[in-house]
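Look at the two complexes coming up: chain A is in both, with chain B in one and chain C in the other.
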Partner chain A sequence: MILKLAWRNIWRNRRRTAVILTAIVIGLWAMVFLSALMRGIADRMVKNAISTMTGHIKIYHAGYRNDPVIENRIENPGEIKNILQSLPAVRQFTSRIRVNAVAANARHSGGVTLVGIHPGREAGISFTGDAVTEGEYLKDEESQGILVGRALLEKYETRIGHKLVLMSRDASGEIASRAFRIRGIYDAELESTERQFVFVNLAAAQEMLGVNGDVTEFSLLIDDYEEAAAVAASVGRRFDGDDLAVYSWKELLPLVVAVLKMYDGFILFWFAAVFIAIAFGLVNTILMAVFERIREFGLMRALGMKPSFVVAEVSAESFFLLFIGTVAGNLLGAASVAALSQRGIDLSAFAKGIEFAGMSRIIFPVLELGDILTADAAVLVLGMAVGLYPAIRAARFSPVEAMVHM
Partner chain B sequence: MTIVECRNVKKIYRQGEVSVTALDGVDLSIVKGDFMALAGPSGSGKTTLLNMIGGLDSPDGGSILLNGQALEKMKPSQLADMRLHQVGFVFQSYNLIPVLSAVENVEFVMLLQGMPLQERRRKALAILDDVGLAGKYGRRPAELSGGQQQRVAVARAIVGAPAIVLADEPTANLDSASGKDLLKLMQEMNESKKVTFIFSTHDKMVMEYARRLTLIRDGRIVEDRRK
Partner chain C sequence: MNFIMAWRNIWRHPRRSILTIAAIVFATMLLVFMLSWQFGAYDTMIDATVKIHTGHIQIQAQGYQDQRDMRKVVPDPNEIERILTSLRGVKSYTFRAEDFSLVSSENRTYGVLVIGIDPQKEPSVSTLEDMIRRGRFLEAGDRRSALAGEILADNLNSPVGGDLVLLGQGRDGSIAATVLTIKGIFNTGQDEFDRTMIHIPLEYFQELYNMRGAVHMAVVLCDSLTAVPAVKERIAGALSGIDSSLAVLDWKELNPGLVQAIQMDLVSGFIFYLILIIVVAFSIMNTFLMAVFERTREFGVMMSMGMGPGRLMGLLLMESLGITLIGVVIGTIAGAAVTWYFQIHGMVIPGAEEVARQFGLPERMFPQLSFLSIAVGAGIVLILTVLSALYPAFKVKGLKPVEALSAV
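Our next item is the complex of A and B:
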């Protein structure tokens, strides 16, 4: 009967109930949708960073991160390959040579990162596999081909089939140079990536740099990138004493990790801001409903209803409003996310600005159960807590005072 | 058998420096089966005395015993419990919970008493039949006339088998025909179910129906006679 009473009471003033429900629904929707948007931005940022030559875990020579020169290379990659193949946690891996270089043609020259790759293996690990939009991807046996980003191509005013000369310091400290022919153009999420990385066949890079089969890094993929730190630690134990260093993507991308933490903070801040707005509306609505019914509460108290029942009845009204608003807000939020899940939100028009913030050009909102539960809990639990105020006010009316209104 | 015993009951209302003596040493005994009108002009202390007897307010002096228990010594929760089980109320107006139907209003007290759903539904329907509201069980207060609403209130007041029913000017908002019907109903309940009724009133018709007439003026009982 208490629930029946509460349910009917909230519909006594339909307009007021509709207003507060609308506020709760919009609040919940804003919580769910905006958190999904921010998670989507963060998710794409992490995936971009991971697929932009990072991987989930990386193995370097111990000195390479501080001084990324060819001298700090891994000299016996065959043994490492064998060990990595035996590790069940490692889903996929590849080796690379990565050095700073200068790229030049007849019109321009500038700094790039030369990456020597196994074209076949690399395709499944980094973005390169499905990023070629013009020309063709590198072939395993090819030694002259080079893959460049569209932004670099435009900057160098060149095109497919033309030559690009790369220069870098080789293993003996001399300047090595070699001409490559542009085979393909790739488009990346970030223009800076397109300007930075040029890809050649690993064997061609090794030959150019005189390192004869050596590499500078291994890049690994595992099943769940959130587990990277633990897997990196276990992989690291396999190479104790080998002058190697193993890093998870979180160690390699501290800025991304910091941004993720910042996003977590933003989401909580947003939840708090929305909740405060909802709480004021809720308390106001329930208080209005309570003060309109002082005589009724007096009657109920006179009939023998205990204050705890009054609190329960008024709290049940808050609960119904919050519950309906929460369910509808969740559904609306989920529907909004679903509507954008195929095409995303295209921010290409602001590409330069958003790249500065490390964001993708297209944002796909990502619903996370934890965020939904946090939003729901904030609204339901804290909402019930603030709803106690009008409930206690109602319970404190003395029957006689309330009956004066009769 | 004495149900209510008032001994030198005093009540003074204070507002700032102004004090108003509402009850000035009231002594009164109410026995089981009384059908009593507590009459007097406005401001004489009728409602105050009913509130004291019903445990809605506490006296500033003296003592009120309900079935032998001193109300002034009870805590608020005990008073609520006492009201729930021993006192039925019929108020002048705004007597029912507007979002509940007639049968649910009657059930309400039994719900608070913890009675199982089926039993309280059966009793509520039966008592509504007794007060002449058969077939109107599902109607909400707004769909009933004033007289019918007061009948529901009477049904609710007596359904929990209280020791006493306190009715504060129950006919004040009714036309004379409806008021008469209500008084007949309460008289019938008093006679058939031995329910004890006390009305506060200044309606002569109510005084005529009452078997005991107690007059109160300036907070004192000035006359108390049985017909």
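Our next item is the complex of A and C:
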């Protein structure tokens, strides 16, 4: 009966209910949609960082991470390969050579990261596979070809088919240099990536550096990247005693992890701010509804209703308002996210700024159940809590006092 | 008289009015604080970027900024110096030259940006000297000496006092080769700098790279950020008569990424605030709306006593304006107080230190209370709230005295 009474009461003044519902719906929509937007940015940032030569898990020589030179290389890649193939948790992996190098042509020279890859195995793991937008991807048996980023190409004022000389220290400590021909150009999310990485065939890099089949890293993909730390630990145990170190992406990308943590804090702050804005409106609306009906409450009390009944009735009214508003706000938020899921939000107008902030050019909002539940629970539970104030107020009217109230 | 009536009407329902005012106070406070925070962060960011490296204004050869071509030089720094010393608003200046070269220690080789700096003038423009963590800064008369970034020094396995072999290409295409001793190691906090740069004395740079007295840039620091456009104009004016191959760039052109990141942050910030205030505005509108409906009878009485609908509307608007103003004023004061507190004590956002460091920001951040942040914050709330009060006020316009009187 309480519910029925409350339900009828909120519709007694449709305009008032409509206005407060609008406020709640907009608030919930804003919570859901903006958190989805932030998660979308974070999600792209993580995926982008992982696909930029990181992978979910990496295996290095124990000294490579602090001192990334060819001396700190993995000298038994065959064994590691066999072990990795036997691990069910590892979905896909590849090996690479990665060293600092100098790239030069007739006009320019500069520092780059030389990456020797298996063209076939690499494709599914890092971004290189589908990023080549001009020219062609590396072929397996080709020792001359090199892939460069568009930004690097422009900086060096060169084009496809032209030569680029790479220099780096080889295994014996001498400067090795070798001329490559630009085969293809790739576009990456960030210009800094395009300027940093140049790709050649693994065999060509091994030959240039004189390392005869050795590599400097293995990059692994697993099924769920959230599990990377646990899988990395278990992979690490398989290589106990070898001079190897296994890292999860969270260890390799501390800055990304820090940004994620900051976003978490920001989303909570946003939820709190919106909730407080809603709360003021809610309390005021319910309070008005209560004061309008002082006589009615007096009558109810005079007829023998307990104060607790009044509290329950008024609380039920807040609950209905909050519940309807929450459901509608969620639906609206989900609809906005769905509407943007195809095209995304194009931030190209701020290209240099998003580059600076390390974001990607197009944002796709991502709904996260955890965020939605947090937002909903906060609004419903805390909303009911602040709604107690008008409810208790209503229960406090003494029957006589209330009946004489005009 | 309208004013007195409006004032009394506001306090006829103190609880309702106070709640409404509280909502407005909250919105204003939040906005004033957040805007001060944003503007403070931008100032810190710009300041850090300008002082770590680029300066407020640079004079370079046309096209050098984009291509970084060794041969695009500022041929006569003495002439530039004469201009800069005579210009108003120029706080300090220095000259730099830079080129990409290979640097090797005993068993490591890296490609780095070699920057020639003037050991005496550089500290007046950049914070490089304060960033020295080990060893010392360059001194006048130093020749084969270098400052290396901390990450680079680690990568090279070279401590202070270690020798580096440098191999590069001079301005005329000749080979530049020498041995340098690391005198100091700096840490700017920004990995990009600490991994890729070494600094050597400018005079020695010019000798080594066959610069024939030329430099690549004059770096200027102005009295303040706001003085930059005027100083830029003056420099450009003074240069136009002398050398048309030179370009004057301000910090915005030197750091396009920073400027756009700030714009983006401002835009997204405003979207957030707007949504927040719309939510608040709806709550407020509800209060106003209810206040109007409750008083239909009262309005009927007033109208039948000869009060025109226009004046009635005016009364209602004045009531809502009164509530809004009280809220905005209290909110502004409270917001300013909170901001002031953090402006003095600073604030650490947990988990954000690492991110801040990479953007050249200190861990402890200070919001910056300014007329702008207060005016914008209070202004937005004021406008939106007054707008939300218009609808209820217009509602009374169609009221007929007789019907209104019979309303309950």
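Keep this in mind: the second predicted complex is superposed on the first by the 405 of 406 C-alpha atoms of A that agree within 3 Å, B and C clash if a C-alpha of one lies under 4 Å from a C-alpha of the other, contacts with A are read in each partner's own complex, and residues count from 1 in each chain.
Everything below uses one rule, namely that a contact is a pair of C-beta atoms (placed from the backbone, for glycine too) under 8 Å apart; a residue touches a chain by one contact, two chains touch by 3 or more.
The structure displayed is predicted, hence computed values, not measured ones.
Q: Following the superposition defined at the top, how do chain B and chain C come out on chain A, clash or fit?
A: fit
Q: On the A-aligned overlay, A:Leu303 touches which partner chain: chain B = first, chain C = second, or both, or neither?
A: first
Q: With the two complexes superposed on chain A, say which partner A:Leu347 touches: chain B (first), chain C (second), both, or neither.
A: It touches chain C, and chain B stays clear.
Q: Would you please give the vertex angle at the Cα centre of chain A, with arms pointing to the Cα centres of chain B and chain C, as a multiple of 10°?
A: One gets 90 degrees for this angle.
Q: Please tell me which partner, chain B or chain C, touches more residues of chain A.
A: C
Q: With both complexes superposed on chain A, which partner does A:Ile276 reach: first (chain B), second (chain C), both or neither?
A: Only chain C is touched by A:Ile276; chain B is not.
Q: Touch test for A:Asp187: chain B only (first), chain C only (second), both, or neither?
A: Neither: A:Asp187 stays clear of chain B and chain C.
Q: For A:Gly173, using the defined touch cut-off, is the partner it touches chain B, chain C, both, or neither? Pick first, second, both or neither.
A: second
Q: For A:Asp242, is the partner it touches chain B (first), chain C (second), both, or none of the two (neither)?
A: In the superposed model, A:Asp242 contacts neither chain B nor chain C.
Q: Applying the document's definition of touch, where does A:Val69 land relative to chain B and chain C: first, second, both, or neither?
A: Second partner only.
Q: Touch check for A:Glu368: first (chain B), second (chain C), both, or neither?
A: neither
Q: Measuring by CA atoms in the overlay, how small does the chain B-chain C distance get, in Å?
A: Comparing every C-alpha of chain B with every C-alpha of chain C, the smallest gap is 11 Å.
Q: If we count contacts the way the header does, which residues on chain A are in touch with chain C in the complex?
A: 15-16, 19-20, 22-23, 26-27, 30, 34, 66-69, 71, 100-102, 107-112, 155, 157, 167-169, 173, 175, 254-255, 258-259, 261-262, 264-265, 270, 273-274, 276-278, 280-285, 287-288, 292, 347, 350-357
Q: Across the complex, what residues on chain A touch chain B?
A: 1, 4-5, 8-9, 12, 295-296, 299-307, 309, 399-400, 403, 405-406
Q: Touching chain A in the complex: which residues of chain C?
A: 15-16, 19-20, 22-23, 26-27, 30, 67, 69, 100, 102, 104, 107-112, 154-155, 157, 169, 196, 256-264, 272, 275-276, 278-280, 282-287, 289-290, 293-294, 349-355, 358
Q: Quick one: which bits of chain B touch chain A in the complex? Just the residue numbers, please.
A: 51, 54, 56-57, 76-77, 80-85, 87, 89, 91-95, 97-100, 104, 107-109, 111-113, 156
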